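Two complexes, one shared chain (chain A), two partners (chain B, chain C).
On to the complex of A and B.
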């Protein structure tokens, strides 16, 4: 019995060491992700939440910070610029999102039909080129294309086709009615290849037999798309709609670079207002900017929840 | 660092300290008084001035000549400026007569300063409601009628501040006369087939006005937690007194930046012994400096113009017929933000 007990004790000790070893290894692998998650994701969110309940101004270095409860939120709810800014962002999103989703979907369906492997690869590479270009270069390229005085688009419209004169040519980035469509087209071009790849991946999972069977049953291509392709691309659609809704509502780089801080411009959205408040105006009222940011984030989360409900599984 | 843009914020954030203990007394005494005033905050020098931008006028000699005007003679006042610009359009020499940068500190303020420099409130804010500012807005309205139609559009880089429509029009040789800081004229003319067609001169004056303009310096700030501060001061002194730097800046052809020296002694020396590379325009602009003024350093140095612009632009766009009402709305918008943001 004594020998059995000793063997059992030895086994328990070995198990304990093995468990400890596994724990150490697991935590060692987990630690970088944990540090990243806590330090780079969770902490800023909590910090901004805390700021939004205070009267913290970055440049009031000697002034004590007070807890003001919901004062910043109450002020923000009464601030017409917050609502106007959210509405402007929503307008851009409404323009941007359909093109950003449906154009790549159609392109993916077309590319998916190319049976020559070399040609199919060439199409994919060409489509991906814009997404390989860094943002600043995209902006430089498109602001030149859109330039009123020296851009090739207006050159074509004014000098070549004679459809406009230098006095009434389209102000692509300056006209309040044109700036959002112009930016949306730029974004569509930029994201076309990247989003097409998502849909191509989705299309690859659809069994070919379904198409063959449908064709044998006499379904035309339009019906095949709506009844076979489209429903099976819905998971991809959900991911893209949610991702791109978030990025469209929160666009700031394009507006900051091309729009400026004139509050009458459509590009002065809630994100630009937040930046203006937090890093430019007066004493840099970052507590109020944080409240504006949280209101925007909550508004977006509500819409995202609605999107999840809309795209819920009906199986 | 440009004082009216960011100096106060950097001071309040505690990241810069005054140069006073490191800048030699003879250098302090040598700074052009209006430039020294710009470099100071609370009686201390926080900015070692270096790259001096002055809002001036420039024109395309070829277009002006084509319009039947004397291309060597700058318009002396705003009436002449507008008459010349109108003649350019009417003669068909160019599609547009004149242009300007719609950002307030690059057009509204310099034109105002040409009328009066006494246009700041006790807190240092630009007084949009002053008679001079209202008169400047009326001049801008007349300029706008002769300008490229996109003149009020934002720029397409750096927060809408740069790559502005005026630059595009001047570079494309679609406009004759142009009000902006000298670097813009030089950069845009560098794209012309013949950049020597560029002419520069001091800003036109207003009849009976102050005859001033606006300038700003992009200078050096001294970081509080920096090191080798004595060496930094020695370097800045050598750099800002270097004739080679200004030779390249003024006469460097298409590589010139147009920035001018900030010391009285350098200007006096050049006037007494004119160097062969020195351009006439530099003296014309230099002569306007002593009476000119920088925008006052406040926390709203630049942002006051962002806040006011949507309101004064209503007058320029014809949405408001009374310039005084438009300017009052601009002032109200600034004051509302001052009260809100501190």
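On to the complex of A and C.
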């Protein structure tokens, strides 16, 4: 009894501590995150928004900066490069998304059926190898794989299989119609293992008895997948669609590494245009670049919000 | 959308543990053959490009020019040659190491502290923090913020410095890292925190003595995620730095396009292999904890 009393006394002391010190202590724990997050994420995004309402050109050092309201946005709506840039990003997204979601789902279902624990681990580890290589290094590797000179893909097509000659061999990254599919394949290669892990985590929650019961009832594998597995993977699928939609619309490293600033290539999207405007073209019209950056972000947010709404109404 | 992971019991192990009536060997079903064939194909598709670049890095120069995939003569000197004859290369490697180490340390500490505060300290105002972090993951922050980040770095006199990259780098995977740690901390029952508090532990000792050993798999995941992000970062490095000596390895590799001498393909390939090896070795070592960390809650989306 005495022990219980001291416990509750201590508990009230702890309550007092938590009431008084909770604010200070807990925000102290959040401080490192907040400093970096506010300083290098939130503030810059807002600062870019502010810039987009001015006529700030970085290299016009002597000219005063004016507040121009929506002038940059009005200009952007008349700028064919902005529209083309958004359309190109959307096109790449449409190519990129299905393979980024469905191939890992199928692979996950296959890996999940592997009963031998050692083999299952080996498959998982191999699939995860690309996710241990940073994105830009993946792009460098695939730039070489697709290369006209040293690429093994064209070596196989030309020298080994003889399907093409050096004259008409496909220019995977130089041909405007081929570059997006080529990049999409590269992205699938990169994302396969990582996304498979998400689906495997979902599959692990499905009890095996469900499958056994279905099999006893005579359901074939396709029906089992469609009626038991797929509905349970849907939440994961929707989250991945939203996340990867965002990734694909705002791709920039791939385009800079593979396509550079060649406007004839579809890789010259709104992100590359923004970079070009802000750090390269003319007198660095950073206010206009800021507007382009925010237009791209808003276009993306609208679709993301639409996706959320679409998926929410279905649940 | 939380998907809790409950690893189910392994069916074959259960069967094996029943000693009665060993099952007759049935022929391997077709579906299993097809399944493994498909998985082996995918595995090969993943491994072969890496094998190709590895072979390229040990090809003799004439073999490299003929493009033959399996060389007639091997030449293992390219690694040493590249390190000696690409003048900035040792510097670039060092830059990458410095920036990556600092980023991983900062982000991991920040994420552990924040994840802990968000779950176990019932921080007032945590909904706002969480909301902002979530929003930043659905916003193309990396692209849209770039112009202002460049401006910040210019005002802080950090443009064209290696260590200045650490600040924006630390935020690249910060939101994700906080989320991973939050997911892991949520697997620790609140009663444990309450019990420790009643026993007089303050917030700091509770984290350090009680919680940290329980979240170490999550920390491995956070370290790996941030290592991969920082080690290969390209966009900020190419925007915020100009001189070859202050740049990091990925920027150097991305601009390499073959050539003579130190820039011959096998030598660049050797640099490439040096660039991807640390990550793969770290993964090989930490693979077990990484997988466990993913299962414990890092994949909760």
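Please note the rule applied: the second predicted complex is superposed on the first by the 293 of 315 C-alpha atoms of A that agree within 3 Å, B and C clash if a C-alpha of one lies under 4 Å from a C-alpha of the other, contacts with A are read in each partner's own complex, and residues count from 1 in each chain.
Methods note: a residue touches a chain if its C-beta (ideal position, glycine included) is under 8 Å from a C-beta of that chain, and two chains touch if they have at least 3 such contacts.
No experiment lies behind these values; they were computed from the predicted model shown.
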Which of chain B and chain C A:98 touches, first, second, both or neither: neither
Which of chain B and chain C A:304 touches, first, second, both or neither: second
In the superposition, chain B vs chain C on chain A residues touched: C
Contacts of A:25 with chain B and chain C, given as first, second, both or neither: second
Touched partner set for A:39, first chain B, second chain C, both or neither: second
Partner chain in contact with A:231 - chain B first, chain C second, else both or neither: neither
Partner chain(s) touched by A:155 [first = chain B, second = chain C, both, neither]: second
Touched partner set for A:264, first chain B, second chain C, both or neither: first
Which superposed partner A:57 touches (first chain B, second chain C, both, neither): first
Chain B and chain C contact sites that coincide on chain A, given as residue numbers: 139, 149-150, 256-257
Chain B partner contacts - residues on chain A that touch it in the complex: 57-61, 139, 143, 146-150, 166-169, 171, 173-175, 256-265, 267, 276-277, 280-285
Chain C-touching residues of chain A, taken from the complex the two chains share: 7, 10-11, 14, 17-18, 21-23, 25-27, 29-34, 36-37, 39-45, 47-48, 51, 107, 110-111, 113-117, 123-137, 139-142, 144-145, 149-150, 152, 155, 159, 189, 192-193, 197-198, 201-202, 204-208, 221, 235-236, 238-240, 242-243, 246, 249-250, 252-253, 256-257, 271, 274-275, 278-279, 286, 289-290, 293-294, 296-297, 300-301, 304
Sites on chain B touched by chain A in the complex: 9, 12-14, 95-96, 148-150, 152-161, 163, 165, 168-169, 171-172, 174, 299-300, 303, 306-307, 309-310, 313, 337-338, 340-342
In the complex, chain C residues that touch chain A: 1, 3-8, 10-13, 31, 35-36, 38-39, 42-43, 45-47, 49-50, 52-53, 56, 64, 67, 69, 106-107, 109-111, 113-114, 116-118, 121-126, 129, 132-133, 136-152, 167-168, 170-171, 174-175, 178, 197-200, 202-203, 224, 228-229, 231-235, 238-239, 250, 253-254, 256, 258, 265, 269, 272, 275-276, 279-280, 282-283, 287, 291, 294-295, 299, 301
